[in-house]
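Take a look at the structure below.
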Amino acid sequence: MNDQQLREVLAQVREGAMSEADALSKIRMLPFEDVGYAKLDHHRAIRHGMPEVVFGEGKTPEQMVQIAGRLLPHNANILMTRVSPESMIALREAYSDIELLETCRVARFWRDKSSQGKGKLVVMAAGTTDMPVAEEAAATIEVMGTVPLRIYDVGVAGIHRLFGNLEQVMDARAIVCCAGMEGALPSVVGGLVPCPVIAVPTGVGYGASFNGLAALLTMLNSCASNVTVVNIGNGFGAGYVASLINRG
Amino acid sequence: MNDQQLREVLAQVREGAMSEADALSKIRMLPFEDVGYAKLDHHRAIRHGMPEVVFGEGKTPEQMVQIAGRLLPHNANILMTRVSPESMIALREAYSDIELLETCRVARFWRDKSSQGKGKLVVMAAGTTDMPVAEEAAATIEVMGTVPLRIYDVGVAGIHRLFGNLEQVMDARAIVCCAGMEGALPSVVGGLVPCPVIAVPTGVGYGASFNGLAALLTMLNSCASNVTVVNIGNGFGAGYVASLINRG
Amino acid sequence: MNDQQLREVLAQVREGAMSEADALSKIRMLPFEDVGYAKLDHHRAIRHGMPEVVFGEGKTPEQMVQIAGRLLPHNANILMTRVSPESMIALREAYSDIELLETCRVARFWRDKSSQGKGKLVVMAAGTTDMPVAEEAAATIEVMGTVPLRIYDVGVAGIHRLFGNLEQVMDARAIVCCAGMEGALPSVVGGLVPCPVIAVPTGVGYGASFNGLAALLTMLNSCASNVTVVNIGNGFGAGYVASLINRG
Amino acid sequence: MNDQQLREVLAQVREGAMSEADALSKIRMLPFEDVGYAKLDHHRAIRHGMPEVVFGEGKTPEQMVQIAGRLLPHNANILMTRVSPESMIALREAYSDIELLETCRVARFWRDKSSQGKGKLVVMAAGTTDMPVAEEAAATIEVMGTVPLRIYDVGVAGIHRLFGNLEQVMDARAIVCCAGMEGALPSVVGGLVPCPVIAVPTGVGYGASFNGLAALLTMLNSCASNVTVVNIGNGFGAGYVASLINRG
Amino acid sequence: MNDQQLREVLAQVREGAMSEADALSKIRMLPFEDVGYAKLDHHRAIRHGMPEVVFGEGKTPEQMVQIAGRLLPHNANILMTRVSPESMIALREAYSDIELLETCRVARFWRDKSSQGKGKLVVMAAGTTDMPVAEEAAATIEVMGTVPLRIYDVGVAGIHRLFGNLEQVMDARAIVCCAGMEGALPSVVGGLVPCPVIAVPTGVGYGASFNGLAALLTMLNSCASNVTVVNIGNGFGAGYVASLINRG
Amino acid sequence: MNDQQLREVLAQVREGAMSEADALSKIRMLPFEDVGYAKLDHHRAIRHGMPEVVFGEGKTPEQMVQIAGRLLPHNANILMTRVSPESMIALREAYSDIELLETCRVARFWRDKSSQGKGKLVVMAAGTTDMPVAEEAAATIEVMGTVPLRIYDVGVAGIHRLFGNLEQVMDARAIVCCAGMEGALPSVVGGLVPCPVIAVPTGVGYGASFNGLAALLTMLNSCASNVTVVNIGNGFGAGYVASLINRG
Amino acid sequence: MNDQQLREVLAQVREGAMSEADALSKIRMLPFEDVGYAKLDHHRAIRHGMPEVVFGEGKTPEQMVQIAGRLLPHNANILMTRVSPESMIALREAYSDIELLETCRVARFWRDKSSQGKGKLVVMAAGTTDMPVAEEAAATIEVMGTVPLRIYDVGVAGIHRLFGNLEQVMDARAIVCCAGMEGALPSVVGGLVPCPVIAVPTGVGYGASFNGLAALLTMLNSCASNVTVVNIGNGFGAGYVASLINRG
Amino acid sequence: MNDQQLREVLAQVREGAMSEADALSKIRMLPFEDVGYAKLDHHRAIRHGMPEVVFGEGKTPEQMVQIAGRLLPHNANILMTRVSPESMIALREAYSDIELLETCRVARFWRDKSSQGKGKLVVMAAGTTDMPVAEEAAATIEVMGTVPLRIYDVGVAGIHRLFGNLEQVMDARAIVCCAGMEGALPSVVGGLVPCPVIAVPTGVGYGASFNGLAALLTMLNSCASNVTVVNIGNGFGAGYVASLINRG
């Protein structure tokens, strides 16, 4: 549609029906389908070749249901993150084939389960309390075309436990590594594997963990060269980038 | 050598010359060639299939020259980062074929220039003062097998300038994006391109930029899903991960 | 009244009924109408030629109703911000013509709708969750004499969406620009428009957004020269200054 | 030139010499004159109708001289901020009519002294040590077409001193207010005047002033409704916005 | 009692009933009456010549009632701060002559109302929302022997309002000055009066006030020489020190 | 079991049934009993000769009961920290001999009460509100084989009270010292005693205590040489290390 | 002079030579003797009955000499703080009777040595490295009319050393207490003495002392009720307030 | 001497030559030998049975030489930390048998080399740049009676290197573990060994390491139960506590 409008402008220029000055102004305006509260940008999904993603924070159940309704005709897979319990109920009632993952606050339509990645992806969590963030990453990776290997509860204070799983992760194309408290797991994993490690700090911990700030700083200062970092608790972002790497 | 030692232990076990209990203890000990001040770990390079990297901060010129000397027989490409001016001079005198990049404090041996990546990598810098960090990323990417496209001085306050280069970056496999001050460039680029964007905050700015902290927070909070972040000024890390993605 | 008292003092001086020393002391004392819990300062409104503004945080419903009652005889327009739900109900019951804007916690009397500004004002919000802050700014601008153009959901990660609205904002006299997460919108807008941009960080985001601190730092470090900043979530202040610029 | 290129593209479309798809890609690319280290963006000045501004931080004397040389043919007024002492000397030698303001690290060509503003602007400084920042603001305002009223050394701890100057500031169209230490001056001034006050925190102070952070927070939390804030020490930005308000 | 025990030790030494070595150890041990959960230290009150003070935070209603019961026989005036609503009810039921000040969470026995100070004390609050903290200071000052002058709602953004009260504060022996938001009131007052000003930051404000941190920094950086600071919301401490000054 | 598996590998090597390369990979994998949500690591307890410890934060009552059930056959003493009220109830119903310490949120099986330490341990708390943290330390110390001396409510503002207990602590082998607010107790105690002092900051305090950060910094900066620090509120960790010292 | 001008205005009003409206405007304007770079405010000294104080930071030697020259005719005692070494030399050359205290960067004229205080003041320093700050306090106290008792090197880690000096401080009217590192001395002293304690954090310490921030937080959170705090390193302010208390 | 004075007081009491009241006051005063700038506290060493320690920061070469001179007659071992290069030279000239360790800025007299500890101590450093801090710890441990095992350059990013040294550390009585950057080494070591681990964050790292803050937070949040922490760079403190544990 966007292309269509642009082509119309250029057609008008070609036909002499529009001045150059007017054309210049107009071609900077892109079309949107206006739902009122959120301009759905179908183009993003098309541009990136990705499923639609809806950030559920601060949206009402009604809005969530309506947004899903508009997206469904055009998308096989839809990922809704940070979904409130109320929206979970409303979505369940509205759509029978929606999948609700309460632990990680994700709702999704995962209808196209064809594989999109070229290899293996791994999602790690240092402790059981880091699992919600890890599951958000895993749910994201799944709707983007890879079923990741999940390895949970492998924190560095029991480093010998990590080695029981090492063989399985050596051939991954990317690893999402979630950890709270001191957040050292990505450094250790990064020093062992040859692929990119996407570190996700979680808010797990007490006292001077400052809701994930300590883990965040640990990860940013990793002495392993293959570690990059996303925001505290941003399992979605980590899963998204891991999927991009696996599709690239 | 390491393998050799391990094989010797296992051979002794096989031959009954060593008890199981002793073998268990011994196989946990990996051999190192001990220079005294730094245990060079040839295995890391071999494990990751990467050039040797030497972090120059806090090392004396004599140490830098000696480390280079030990690495040269085994490595075609060596990257030395955070090299002091004094070490630059000492390395120049010791090795005629070393390449010194004063702007980004890098010294390197780039003897194997064969291409290792599968596609295009891009290094962006928002302002001219972000160039040293961007150049560290680019120098890293080069010794790892890709000559990246450099696009500098494309900050968001002149967002229209970014579009002049957009076509060139749409097919990159990964983009390293360096920015100081408000650090918004990775968000804008991330919203436009389909590949992973590795954001590098720089210490450029004044007042409340807090030596890169403002840019770091901006990047961590990016609303673009394909952005991950490395430490302030860590061009090397960003280049390293971009190369891994391109080789993967 | 204040002037009257001062004139009385000066009159007494002129008539020799008051010593110079006494006069000096007295003229420093300004009169106030004392409600007990808050000294209403009618003079501020008169001095600035602005509607009365009541900051509702920490005030009881009874206090809010009583303050409104005292102000109504002297003011056509009254803006009450940060109004609690309880105060909303009490105000509704007490005054039939009050307008309640629950989304942005504003209650207002907007009886004089005459235009006071010389041109166009724009209020922008990066995401739908930034709307409450943006609406507080818009509600402020309205009672001060301009109906602003609202442009919402135009965040930088979909920068192409901004361009669809660019033509509309180029002739604004000032723009209020609200954004959470990485808070980059004001920089991008500031680089495109010729008028002052008043940036309002919002608390939207998660993890290392630190309740708006990340967006605040981004905006303070904007490399666009025409950006100034107000406190996190202070839509009122931004709307107030935009109105001053438009009336100036 | 930019317009010319765009017109050529549209002309080619009109003449059928370029396909619509090609045109779409091309019109997103804006031309730049490439100096190598910095893409000078003449369009910004034209777009905003403002003098050229060069941020001198991190630029070599040679670069500064060269940039000035390229800008001079097209601009009557040029403002160079954060100029190093070395660049000052180089600029002095290269250009006889350049004006060097060592106190505030500004170099400028102020050849068009015609008045561009509609009224009065005021620059205030709380203490004598805040003067460099205030002078940067004043120098900016001057090259943008207004000679501001300077009122210095009027800090709040001697609040009675402020009143000696109050009459002079009541009819300003905007006030730039610089203060370090506790940074309370903008709040006091903002409560007295009807125009916008642009607050500039400075790094003056010791101990827990944290290089301007204390003053910055004070200003962001101002209970005066007409105060907006720029970065610590950003006299230029404050002067720029004040000039925009005065020209608007 | 403490003295008695010490005298007994010394008496035993004098009488030869205790060795010197034993005496040395024993005289370091001071007696306490052990309630189990809190060692009541009657000596503190006696040492400082002050009423008993009980910090109510984290104490159960039963503990509060019991502590009051133990203190009442020995003390005319008792001040209990940070009293929970539940403790308020329990104290009311237990003691008919207790005075409950819900606004500032204080319960007190104020039976000796004789004047202990040598002059005037003033308690100021910048806004109505700062009143709870100011009232805690005032309640403290009262039980310590002075009825302070209360001046509330005199913030700096309406600085002219301060002057209406200036004459009344010029002869104070100390001023407690409570302010949230930008916290500038103590600086302004400190610049006008000759006595010590004890500044109390409050948590009032929003966004970047960071629960009183902004006001705290403002006050610590005051350019008025006669300002000292206590913890955020610590009205009690400020009132205590003001009383000491007035009794000294 | 772990040893068994390793011995099997080595046995296969000895018997020629496994290649050396395969053996190398396998011996890095350690066995775990997989409960699904948490890999119980019996080896840790065996390695350290310590009771089992379960961190209760974020675990459901069902999980807590199940984990306890799996651990009980192998362990005499089990310590569960940060136990939620719901888990307390569930554990009580499931196990009649469990001991619930609500104040410090600990549940424990303390069946082996034999003494494991070589001397005296002391747990100190500066105020009564620091007691929950101190009790977590004491409960930990008890299940590890020492009944510590508890000395509570001995804060530095009543430093003379500390001396009444000084004799008792001079022969301790280690002291756990819990304090909130200004957190100065460990410094004072450390300056008096010859043994290691393990300082535990607590979140007690108001305003600028920042939930324990102030006390944490105080303790880290202690000028007493024998003070080390654990996380805010980490009574368990402090008790654990004190026990190690006493057993060492 | 100021009074004179005001009297002239009022005289003109009395004589009918000035309208009331004009008088109102004029009486708000206070006269200043304008040196150009700093408005010397002789009235402050007169108002507070204090010696003149000059803050030397950022002032050139020439300015310092000139300011001293203007103040000398009107003031017996002048205190100059934060004096640079260059200014020290210039002041020495210009004034033979100036006293230079290099350790604490103070220059002063102390010609009127008459006693102004009513009792004893004490200045304490925890360590020898805190002495410069303590000496700034002492030098301030001296020119304000009291020779304070200096007690240095009495840190809390050697708390028994404090008791050797306790008798001397029990009858002080106020105590200035300087400490770096953990900054606990004011809490301990405050718990022992009955007078106000003015705590001065110093930047002494390493690592997580954060240039005095740790000590500042410690002092703000003091559980001793008689402690107030000034800025990091602000010995002058502490000495000033102590003097006010002693004169009050 | 102290004891002597106390005995004299008690003797006088016994003999009736001193009143009880006077005795009480006097026994609180401990004797000091007053050098003028620092009260040397011989008792501390005697109390703790430890060598004398002198903190060299901020002390002049003359002071260092003089302090050493006073301590030498009474102490076999003296440790001077944070010694400036100038003091190094002065100490060398004054004392032929002093040992200067430039790397870690330590000067020491290590004349009594008898073993004081009961077992093995280990000092670890993650990287070569952490060595100065590790060496300060080792130098401290040596003068206190144990020659520690040094294991350097065993960071977590090369975790396999740690295992080569694991056998050596399993029987240590305490381990000092120094690490900068992400500071994860103590967690990993702590999870493997049964003894206390004293973690020392170092300032090594760049960008968001914030001079050791990141490593400090990592260590405080360690999920290994046997880790305690000292201040950034405080190798001395860590070595001191490790020695106490080994002597205990």
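Residue numbering begins at 1 within each chain, and the chains themselves are lettered A, B, C, D, E, F, G and H in the order written.
The rule we apply is simple: contacts are C-beta pairs under 8 Å (C-beta built on N, C-alpha and C of every residue); 3 or more make two chains touch, one makes a residue touch a chain.
Small disclaimer: the values here were computed from a predicted structure and weren't measured.
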Problem set entry | Chain whose Cα centroid lies at the greatest distance from that of subunit A | G
Seminar exercise, completed: Looking at Cα centroids only, farthest away from subunit F lies chain D
Exercise. Using mean CA coordinates as chain centres, what's the subunit F-subunit G distance in Å?
Worked result: 49
For this session: Can you check how far apart subunit B and subunit F are, centre to centre, with Cα atoms defining each centre and the answer in Å?
Result: 40
Seminar exercise, completed: dist(centroid_CA(subunit D), centroid_CA(subunit F)) in Å evaluates to 58
Exercise. If you average the Cα atoms of subunit A and of subunit F to get two centres, how far apart are those centres in Å?
Worked result: 37
Seminar exercise, completed: Within subunit A, the set of residues that touch 2 or more other chains is 44, 158, 160, 191, 207-209, 213, 216, 220-221, 225, 231-232
Exercise. Each pair of chains that touch: what are they?
Worked result: A-B, A-C, A-D, A-F, A-H, B-C, B-D, B-F, B-H, C-D, C-E, C-G, D-E, D-G, E-F, E-G, E-H, F-G, F-H, G-H
Exercise. Of all residues in subunit D, which touch subunit B in the complex?
Worked result: 25, 28-32, 37-39, 41, 43-44, 57-59, 82, 201, 203, 212-213, 216, 231-234
Seminar exercise, completed: Residue set of subunit E touching subunit D in the complex reads 126-127, 155-160, 181-184, 187-188, 190-192, 205, 207-210, 213-215, 217-225
Problem set entry | Contact footprint of subunit B on subunit H as seen in their complex | 128-129, 131, 152-154, 158, 160-161, 163-167, 204, 206-209
For this session: Please give the residue numbers of subunit A that touch subunit B in the complex, ascending.
Result: 44, 47-50, 53, 173-174, 191, 194-196, 198, 216, 220-221, 225-232, 236-238, 240-241, 244-245, 248
Problem set entry | Of subunit B, residues touching subunit F in the complex | 3, 6-7, 10-11, 13-14, 16, 20, 23-24, 27
